[in-house]
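Everything below concerns the one structure shown next.
Letters A, B and C name the chains as they come in the text, with residue numbers starting at 1 for each one.
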Amino acid sequence: MSSTTVALTELIAALGGDLLGGSEVRIARIAPLDEADGDCISFLANPRYQAQLGTTRAGCVIVAPAFAEAAAARGAAIVTPDPYLYFARLTQWWAARTRPAASVGVHPSAIVSPEATLGRDVEIGPLAVVEAGAVIGDRARIGAHCVVERDAQVGEGTRLAPRVVLGYGCRIGARGLVHSGVVIGADGFGLAPSKQGYVKIEQLGNVSIGDDVEIGANTCIDRGALADTVIEDGVKLDNLIQIAHNVHIGKNTAMAGCAAVAGSTRIGANCTIGGAANIIGHLTLVDGVHISAATTVTRSIAEPGVYSGPHPFEENSSWQKNAATLRQLHTLRERVRALEKK
Amino acid sequence: MSSTTVALTELIAALGGDLLGGSEVRIARIAPLDEADGDCISFLANPRYQAQLGTTRAGCVIVAPAFAEAAAARGAAIVTPDPYLYFARLTQWWAARTRPAASVGVHPSAIVSPEATLGRDVEIGPLAVVEAGAVIGDRARIGAHCVVERDAQVGEGTRLAPRVVLGYGCRIGARGLVHSGVVIGADGFGLAPSKQGYVKIEQLGNVSIGDDVEIGANTCIDRGALADTVIEDGVKLDNLIQIAHNVHIGKNTAMAGCAAVAGSTRIGANCTIGGAANIIGHLTLVDGVHISAATTVTRSIAEPGVYSGPHPFEENSSWQKNAATLRQLHTLRERVRALEKK
Amino acid sequence: MSSTTVALTELIAALGGDLLGGSEVRIARIAPLDEADGDCISFLANPRYQAQLGTTRAGCVIVAPAFAEAAAARGAAIVTPDPYLYFARLTQWWAARTRPAASVGVHPSAIVSPEATLGRDVEIGPLAVVEAGAVIGDRARIGAHCVVERDAQVGEGTRLAPRVVLGYGCRIGARGLVHSGVVIGADGFGLAPSKQGYVKIEQLGNVSIGDDVEIGANTCIDRGALADTVIEDGVKLDNLIQIAHNVHIGKNTAMAGCAAVAGSTRIGANCTIGGAANIIGHLTLVDGVHISAATTVTRSIAEPGVYSGPHPFEENSSWQKNAATLRQLHTLRERVRALEKK
């Protein structure tokens, strides 16, 4: 990060908000309330941490109007209706200020087909491969060691981190961010049993990804069997997620790390899927469904709401007794029924 | 995909089956019954979807003899004993017809050791690395950015998609397909505790993979500690699967995405392991075992059959009550026992 | 592996231990007791396998003093206080003896910034990319297709297997081993909701990894949001593990394959986390906690010990009945309570 500091007034000019005091304060870092020093800017997003306002050493705190007075009593404050959103925009502004500018152009070691189409101001990194028919939008950035296969499309301003595979015929829209190790467009898992073993069902669909989508490291999104696998605009996927063939994920749905969605399942818009949750195939989840971490979803969900399922953990000897009893649970219910009849 | 259409007669000539009507019909796409248009061929594999025969607009439907009459009543039909298998073969024929032919030869940017052995008509993609002692079988295809380490072997006609690592001394047989991001032959997780922390157990075995094996994106198969990790002929592994050292997977077993098998476990032939299922180490599962999705297998299984274990999910407030009670399940059983004794 | 054999006397000279008999024995392989032939060395680490001492055909067995007599009665033996640790060191000695020496130098196809700093005797493999500001320690080995981004640091003697991404500003200490496909320093999953969809929180921290750390294939360790994600000395991570932003893992903790740790969780020293276990965010686990495989940890753990949680698996029809009853468990408890009150 840059070693130079920023005046709060400069920050306000860029991001808005009401500055209370602190016109002389300069900021070197962004930090949580409990780790901040005098040259840090911090934020209070969750009222649960309100008490930290009294103890933090932060040079400036971003707060909601309800906390403006308390914050100003201790030092500089920026008042804004949604401090967490303000913080998010601050990180973006900070990153733009401190990170090296993208280098535009095609690295001489990249292997770009003369039949590929490159937009204006694209960056193609070292040793990247861009095949015939691929279309790279304006200002898109293709990292080192990426492979953009034939007829694949990368939208305007989308960035592929180093070592991403975008399979033939697949496309991602504008302003996306795809992290290292992601594989888009491997074959879906389609097999027909036969007497001689499984016969492969060639996967003839593609993957279609909308705008403003982020995809975490080593996540896999398989191509569809006949139609496409679809990821709508604004979807955010964390690391090591498995999206099987013909899954459809609705707008602005977010999934945490290690989640898995089996084939042909349809997830609505504005859902959240917790880490390590998994959803079996051929289900439908409506908009606004929230699945807790480590839950296995085995039926369609027709009502918005929060659904949970991780088996409770315990100290081991206690778990052993309870788990053993669980195997007799149905019998236990029958015994209770018998007692009730007496 | 190709924009040209195919006559049903041409399709029958290639794949067999009995054509009822439709000698004039031309096909542009393969589609499910409920998404098909007049230029589509579709199939009825699961009798559950029988009603769709009456509503589909497909130009031709592949059916079993029992549905021949119903299908022919509405338009062209192909009658065959196993429509799903026919569909699988159709996708293969379709893919061969519409995908660009493999380009044979070694890309000038690939780095192939003069001490590697290349078979006839191999393809070595851009920026692939093939080390000394490696043997690449006839018609094998090594994708862009693959690394085939020293003394590794790739069988005839096997294809490594872009960015696969095949570790030193490991081998895969003929007609295999390995998707992007797969790592074959990383070290197994072998550690001996000591007062100074863990001491690494060097993994001296290899990975041995049979013929007709498919391995999904970002799946990992570790090398054995002393002997080899073994994947037998016809095994199909989906994406993001973990196969630990010295696992042995029997012939024609299939595992869905995110499954994990811990060290030295032995899985029989013709098993299916559901998505996100995991099997702890040092177990034996006999042939013909079917593990449901998200099941944790903690004991050996000596009888073929279906085994399940995902904890049921529920609406969150209901789950909270049941999960809390679960922690007292053993006590609850004691209470029932006490009541019974009264 | 080398085809030449080793005299037991040579092995003792290198690794210590007391040799009983066998001064003429030569060893060709290391093997488990039940798979060993006369030219193999084997070991008895777990007294549970004691009976195999009577049946093994191994040319030499490594044993603890308690088994010296029994082992010597059947052939050559090496006596040492900790046979498993001796075995670990033997594998290291064996690997050093039989594996090709690292080739020192920068492969001509590697792309190394003139502004990177390379230590003495480093190896930079084919097509690796090392960006400006990166520092590669003495004797470090950067495998083929690795990307070491700007200002990243690799400690002395650390080895990156082919195809590792070490993100900008991230560092790993000395004597580490990072397997293929690992992504260190992808963005943590930070999002602020807004009316226009999620707004990205740029991840401004790095990843800081200590000495003697091993990281398995395709594992992901995200960079911190503000401060760093921290992996302390001696930590061992298996394959396909997810470490989210700002996680802190204490010294000498080991995690098996497919484990996942959500954001800001702090795990103590000398813990073990079983395969496919997952730990939700913002928790604290003290030193010496052992989590069984496939356990979901949903609360902080303040006491060392063993904690477990996988839902028991069963034959499917039995599981169906028990799982259905589980959804009424709270009600069942109420019914028992009612019976008790009578």
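Throughout what follows, a contact is a pair of C-beta atoms (placed from the backbone, for glycine too) under 8 Å apart; a residue touches a chain by one contact, two chains touch by 3 or more.
The chain list, named the UniProt way, goes like this: A, B, C = UDP-3-O-(3-hydroxymyristoyl)glucosamine N-acyltransferase.
Here the structure is a predicted model, which is why all the values come from computation and not from measurement.
Within the contact network of the assembly, the step distance from chain A to chain C comes to 1.
Under half of the residue numbers at the chain B-chain C interface are used by both copies of the sequence.
Work out the mean CA point of chain B and of chain C, and you get 26 Å between them.
Under the contact definition stated at the top, the residues of chain C that touch 2 or more other chains are 127, 145, 163, 181, 218, 240, 258, 310-312, 314, 324, 326, 328-329, 332, 336, 339. By the touch criterion stated above, chain C contacts chain B in their complex at residues 1, 29-32, 35, 82, 84-85, 87-89, 91-92, 94-95, 98, 100, 109, 125-127, 143-145, 161-163, 177, 179-181, 212, 214, 216-218, 233-234, 236, 238-240, 251-252, 254, 256-258, 274-276, 293-294, 310-316, 319-320, 323-324, 326-330, 332-333, 336, 339-340. Residues of chain C that touch chain A in their complex: 111, 127, 129, 145, 147, 149-150, 163, 165, 167, 181, 183, 186-187, 189-194, 197-204, 218, 220, 222, 225-227, 240, 242, 244, 258, 260, 262, 278, 280, 291-292, 295-298, 305-312, 314, 318, 321-322, 324-326, 328-329, 332, 335-336, 339.
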